[in-house]
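Below are structures written as structure tokens.
In what comes next, chain A is part of two complexes: it sits with chain B in the first one and with chain C in the second one.
Coming up: the complex of A and B.
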């Protein structure tokens, strides 16, 4: 079919490994997490899976998950400063 | 059936006959009667369409874009300031390759506030990727609107078409109208790139310059291919319904030594001027230019040219005259006449020919 119009289809990583944009990294405290799923629901990049594991190859570090977490179980830690 | 109609009602009747599914429009003088009539058809059930009243012309075209991308036949109509207000979406509709048909009832731009005929409104949209045809009779407004859908929806084109008719001197005058039963003249719309909920995607999203150039060039490829599609469509229309149209409407041009070139209703007025000039022994002919995009290949020979422009590009000149100069390399006598509904009689037009000074421009009625 002749290409008439710029149409993008949803695929993983269409913009490359956007995790490299990150300044702050989300770190989950498993003791506090009660698996409510708010973080995954709000994540604009859909990088939090059903086990609440965060895909750091694509996570841009926006911090929305940490902001939304009702248990304050996610800390935003500057890249390279994690203990 | 032979009936009588205004130009506006003829357009509305053609939109109904074409089986249009969605109409989104905002009323503006002198276009109002078109959308009022379509709203009447929908309300009374003689037209099975969604009529979307919107808060502005920008929204009207945006709604048409949203409807058209689902693969349904879509129409809107506007005039003058309405067309300028929707201009962002007018550009989008063409580049999104949507076969929307729009009637523009040509009207001057303010200030000073003026509702009468002039072509500067639609000619400001000539670089948008829309095909543009200018009509001069009620019958032609009807026929051109029907053909516009078939041309726009052809896979070789997939571009919107604007049908232009002069405000009041055509939109509100009454002439005879022979309507048609359209049958299968306009095939069902098949839009290859329509939205498919099973395969979601982003339409017209951020695009690299490499892809942008490639996709933009496809608009021009289709614009060039539309030449053949228009030819085929007008030939098929003539075969089925007995009325012939072409790139220009020629009157006594065969042996003419001087040609009047014009657009819209002034081109019909010019035919009377030709008869007057012929009775004086002047071998004159009239060539009314119908299509502006794609711009036709005009066979002008070595005849002298008098070009009447009911429009103006400030700092440049009449747009039709400029286009003819650019495309044919021929010089002309350019008369700027009929702006803001200025009365131009056939006697005036005959005098343009008698007093022609090739290579110059003149504003009818004023000295500049």
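Coming up: the complex of A and C.
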């Protein structure tokens, strides 16, 4: 019998849905956004895609995007509250 | 609108992500940010060697992993030794796979230094990246050889009484083809340095400062801000060294001409709270000495 190797396979969500950690969620103001790409470059987890949509299933809510946005187009809003 | 950032901010790297959403890194982790850009610059033909450090934890739980490239998790002291063997095997097979050892500061400055020194001396064809959060972050921020003077950790609650080990000069003494320092707040710089390092054959070393929100005790949103302050104040110098030629990076040249106040960098972090004025003076003295030496070396007068 062939021995099975203990190898982990790459999948999305290997560490669970990390979006549940979030206290504040980023909300993008499309009017102010000029698509510079700073937020996507600085996002530690790469949850901001090339259309600048933030994947809220995985976003941990660290707030780096809001802090680094040169146009201040991203606001951090407490979860459960309306923006 | 699509892919504008690829064209403007990082023209050389593709949009592909090699880290799947999401790792179990803390919110605002800069190690995660560094690794993301390192892998983007290195491409899919890469093997990562990871000793015990935050990165060995943030991959996920068996049988799943969030890393889209092969990773070898090895014992604490052996990252460079394993990478050495791996590089030799790839060479024997005639493959050009990039071997990257990705280790924390504990696994580089304290525990892994003899394996690293040996691999550098043997001329192993690999890239060693040390992401430096200046403590053993994974186990709860214990003091490491890389912790700076005056920083509070769980094992130095009154502030570390010793200076940070000057790892870069130890590495430079091995006369490498390429070594560089960088900071997580400058991903473009990291990408450029990784690409340059991987284009050179032989041992390469990259030392990247990685601000750590829970360990350095600052708000998670300020990771980039703290990293930039470290470079702008001169506490962290960014340069490249090819054999004995030293080139300062633009950010550090600017910091030498017009530095940001050191107090600003110290004040933003909780680990430097309650520093005595004479400790600040000592920190400033060693920082200025370091910059002076680097400047002399860059000018070729040292």
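Here is the rule we go by: the second predicted complex is superposed on the first by the 71 of 83 C-alpha atoms of A that agree within 3 Å, B and C clash if a C-alpha of one lies under 4 Å from a C-alpha of the other, contacts with A are read in each partner's own complex, and residues count from 1 in each chain.
Quick note on the criterion: a residue touches a chain if its C-beta (ideal position, glycine included) is under 8 Å from a C-beta of that chain, and two chains touch if they have at least 3 such contacts.
Model, not experiment: these values are computed from the prediction.
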Practice task
Could you tell me if A:20 is touching chain B, chain C, both of them or neither one (first, second, both, neither)?
Solution key: neither
Problem - chain B versus chain C as contact partner of A:64, first or second or both or neither - result: second
Practice task
Determine, under the contact definition given at the top, whether A:3 touches first (chain B), second (chain C), both, or neither.
Solution key: first
Practice task
Look at the residues of chain A and decide whether chain B or chain C touches more of them.
Solution key: C
Exercise for the section: With the two complexes superposed on chain A, say which partner A:55 touches: chain B (first), chain C (second), both, or neither. Expected result: second
Problem - On chain A, the residue positions that both chain B and chain C contact, one per complex - result: 6-10
Exercise for the section: Report the residues of chain A in contact with chain C in the complex, numbered from low to high. Expected result: 6-16, 18, 21-22, 35-38, 40-47, 50-52, 55, 57-58, 60-64, 66-68, 76
Problem - Complex contacts: residues of chain C adjacent to chain A - result: 1-6, 8-10, 15, 17, 19-30, 32-33, 36, 58-68, 187-188, 213, 219-225
Completion exercise
Given the complex, residues on chain A that touch chain B span 1-10
Practice task
Show which residues of chain B lie in contact with chain A when the two form their complex.
Solution key: 95-97, 158, 192-193, 199-205, 207, 211-212, 214-215, 218
